[in-house]
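Below are two complexes that have chain A in common, paired first with chain B and then with chain C.
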Partner chain A sequence: MNVAPAGPWALRVVGLGKWFGPGCDACLAETGPEAGRSTCPRCGTVVACAGVSFDLRPGGVLGIVGESGSGKTTVLRCLNGDLTPSEGIALLGSVGGGERDIFTVSSQERRQIRNFHLGMVYQSAREGLNLRISAGGNIAERLLAAEWREVAAIRRRALTLLERMEVPRSRMDQPPATFSGGMQQRVQIAKAIANGPSVVLLDEMTSGLDVSVQAGVLDLIQEIQRAERMAMLVVSHDLGVVRLLCERTIVMKNGRIVEAGLTDQILEDPQHPYTQLLVSSINA
Partner chain B sequence: MTAVHLSVRDLTKRFHLHLLGGKTVVGFEGISFDVAEGEFVGLAGPSGSGKSSLLKAIYGSYLVQAGTLLYRCIDGSIVDLATADDETKLALRRREIAYVSQFLRPAPRVKAIDLAARPLIAQGVDEAEARERIATLFDRLRLPRDLWESYPVLFSGGEQQRVNLARAIASRPRLLLLDEPTSALDPSLQQTVVHLLAEERSRGVTMIGVMHDETLLSRLADEVVRLDRGRLAQAGVASAQWN
Partner chain C sequence: MDLRTLASLGSGTGYNFGFLDELSKKAVRRALLKAIAIPGYQVPFGSRELPIARGWGTGGLQITLSLVGQGDVVKVIDQGADESVNAVNLRRLIERTSPGVGLTTFTREATIIQTRHRIPETPLQAHQILVFQVPLPEPLRVVEPREEETRRMHAEADYSRMWVALYEDLVRHGRITRAAGYPVLVNGRHVMSPSPIPRWDVPRLHQAEFLSLFGAGREKRVYAVPPWTDVEPLAFTDHPFTVERFDEPCARCGSRTSYLTVIPDERSTRVVCSDTEYCDEHLALQEASR
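So, the complex of A and B:
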């Protein structure tokens, strides 16, 4: 069921850029970490991200950290197809032998990619789940989109996933609107991985939760990532989260990557002034 | 003649502290020495002399500004760890190079035995066998059995240190980096660890170790590299006979 990626990477992103506004010749020079802003002072265009490139290996876990507004979520949303990027290329190892730019495929193929190859966990459960239909129904919806047809198999899969995410069997037929925040996120994770995606995108999945609840969710996501060997792209402003989950980390500021490296290197020997600031503020 | 496993040449580490007005701190400077396959090289020197920094540079947690770290892989190929890309470093960490830091930073809800078994499972060893191997090491390190299924975040420093050691040794690395692996242990446990490391060494594992207890160090080390304020004070002094 897992879509095995062909290349040495599960996801390759080259020069991803997304801006909101008309754009002018000065946009790139006038924004970024040196300029200390993301909005072009000449034309008012917001350069949410630019020149973002990275590889994610099959089964690898890559973190993206940075202050709010640095462009982390924009990168995820472009990859998931929620936003149309302004420039750049993205390749999935599991799609077209890794040679097909998923940013330029037809909208029908885009939907296929989303239904079969990707999973996304949103910061707010409201975005990732239909809170009014049952937890099991949310997962069934995802499986139907991935062309699962047999009702018994769908139910079995939903039950297995919810159990693995420690959602009690008795809650399966209840709508997530009645669940705690931590449990909603666990249902969202179950839904995101239901179709056996090669890459899962996670956006601040624990930021609204209590620390103790957070620990439980992080632990489960780690367990399931290991078991299913999915690649994950983890966006968080919390360095504790990436320390726990990610082998490599990218640091973003004002829409650009300022530093990328092994997570322990980023935390113990940060090079960029901004990363040093970020790290010193958590160790303090 | 044994082959060189790691060749350190003119290695320099400086920290540029941007938050302190761009101040530069020297971690170490111009360090050169060789480590043969199956050899135990001890790192000694006063506090702040650069020992831990050197280990972290070899492991890849610290980036260096100059010099090379030529590492011979199991297939005979040579990789410069000083400039290797992240994926190469990660692959070596999974298969060949392990690091025991003084402190474990355990994940909050993972049991001691699972935490220690993880690198093995990642190598493809099946779960039952991985747990078996860890259990043997935990017994050997006299980690009380009622702690095995408990959470290391709650452990004492010495207990964490033993989990850390078992985790690193069980994965059967070719190069084991040890930073004060016995510092939180009582004398009798220190002896146990020395014996265990001696066994690993006789099995052919290459080790580079920092131990501030020079008596312990001299029992293990074939050679001692001595640092002083980030520079090589003395290298290649044979300080122990093996067997």
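So, the complex of A and C:
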């Protein structure tokens, strides 16, 4: 695979593929948007994503949209290191001068990359937070992973982040199990960005929330993204979220990218029939 | 074969020197060499049956029996005491199964010291080996019950959850309450349980002159701290690690520099050295100089 040297991107992904199952010669041809399925009919392997390539510029916000099961979460999990990809390369501008494939480093270095350069907000707060330890403790975990060792500094940082996320100061030493869904999600965001990662991965961060709460969380995300100049990869099946946050968008179906470009252009003039269907469904 | 023949075969009095057969000892020593090569890393080993119950120091005993040879002198202590039932039993077993091996209560005389929950007060030297009996070898068990997951955490040096547990303890109680078995980072790489020694003893493992070996019989693990290795208690820069403080000297020998323990007396309680041999020696010195 031909990968250009470090360029104006925070994250470059080339040919990312992940499948669940043994795989066979027919897997790639028998799955995808044309075939209309993600499961290989011959061997039963799920091709969760394949041939996924994109660049995310520093400080940029890139959306990934697509129906349920299209592979969005799989892409994020591979990037964060929760899953081991089946193929592909991923480069971070902030790691090894942008020339180090983070998929092939040792598990110890992978952990370091995740601790220092990435942040992830999971679809469910239960996955991103330990609900039984305090909100401050959850944020501390990220900072401790990034080798912060001064409690006073950790608490100052946690407090600043929680206040920015509009979580009351008094909640800092309480476990998020007692918080509302919206507040849990805001704690999760605070945790993900705590150590100043260069790339933040956000998976359906507002999907479990009331519409009234959603807007507030989106505003905060936007504000913090602008203030900290972090690059973000925003997964959503809600085109409204993507329209608000993302300058560029990727549309996925059955594990493949079917369309990519400026969000405005995609929404105004979708090229792929699937995207046209998606767009018409929200404009209706 | 009838039952009588079987019984007579099984009850043969001909123990091998050191009770364990030579192949078993070799397997233990091989595991120990690996443990020494990767300080603080838990090495699985095929824990053998011994004529004492698991949980009574079989891990430490297997290490001692695998190492001991003619000319060695062994000391066994339990929480610092040479005369506790557990220490006496282990010493007797070593004595009976390893003819020619010396036994002592004097720390200075010993070449191998098997211990439960203490490090002798008298500083150990390079030719001495300290063998710890370990009930629970996995320091991450308090934050993660799954063995798979703790193994992954060690492999990736992913210790943030351990740190968070200390942070939460500190926030909740104003200090880190963890007392015995305080977690340490060994050689800058592996988090290790020093076995349930008091905090007092933890700094004495750092850059120590002697070799420390740890054996967990029930959990089938050995690990090691080679001489001159960094052993750092997990602590925060603004809340450094501290050891126990005693307001009074030892009520028996008057020592102000040893780790003390409370023993219930007939009328009141007395606070005395936990290391009985050290206390005796210190007392004798006091009396001699009087």
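One rule holds for everything that comes next: the second predicted complex is superposed on the first by the 277 of 284 C-alpha atoms of A that agree within 3 Å, B and C clash if a C-alpha of one lies under 4 Å from a C-alpha of the other, contacts with A are read in each partner's own complex, and residues count from 1 in each chain.
Here is the rule we use: a residue touches a chain if its C-beta (ideal position, glycine included) is under 8 Å from a C-beta of that chain, and two chains touch if they have at least 3 such contacts.
Given the structure is predicted, the values throughout are model-derived calculations rather than measurements.
After superposition onto chain A, the modelled positions of chain B and chain C are compatible, with room for both.
By the touch criterion stated above, A:R248 is placed in contact with chain B alone, chain C being left untouched. Judged by the touch definition given at the top, the superposed model places A:D264 against chain B, while chain C stays out of reach.
Residue contacts after overlaying the shared chain place A:R57 against chain B, while chain C stays out of touching range. By the touch criterion defined above, A:Q108 lies against chain C but remains apart from chain B after alignment on the C-alpha atoms of chain A. Of the two partner chains, chain B is the only one that A:S280 touches; chain C does not reach it. In the superposition on chain A, A:G216 contacts chain B only, with no contact to chain C. Contacts of A:A145 after superposition on the shared chain: chain C is touched, whereas chain B is not. Here's the short version: in the overlay, chain B gets within 35 Å of chain C at its closest Cα pair. Chain A has no residue lying at the interface with chain B in one structure and with chain C in the other.
Contact residues of chain C toward chain A in the complex are 152, 155-158, 160-161, 163-164, 167-168, 170-172, 236-239. Put simply, chain A touches chain C in their complex at residues 107-108, 110-111, 115, 130, 133-134, 136-137, 140-142, 144-145, 149-152, 154, 173.
Within the complex, the chain B residues that touch chain A are 15-19, 56, 60-63, 86-87, 89-90, 105, 107-110, 118, 121-122. Within the complex, the chain A residues that touch chain B are 55, 57, 60, 215-216, 218-219, 222, 226, 243-244, 247-248, 260-262, 264-265, 268-269, 271-273, 276-277, 280.
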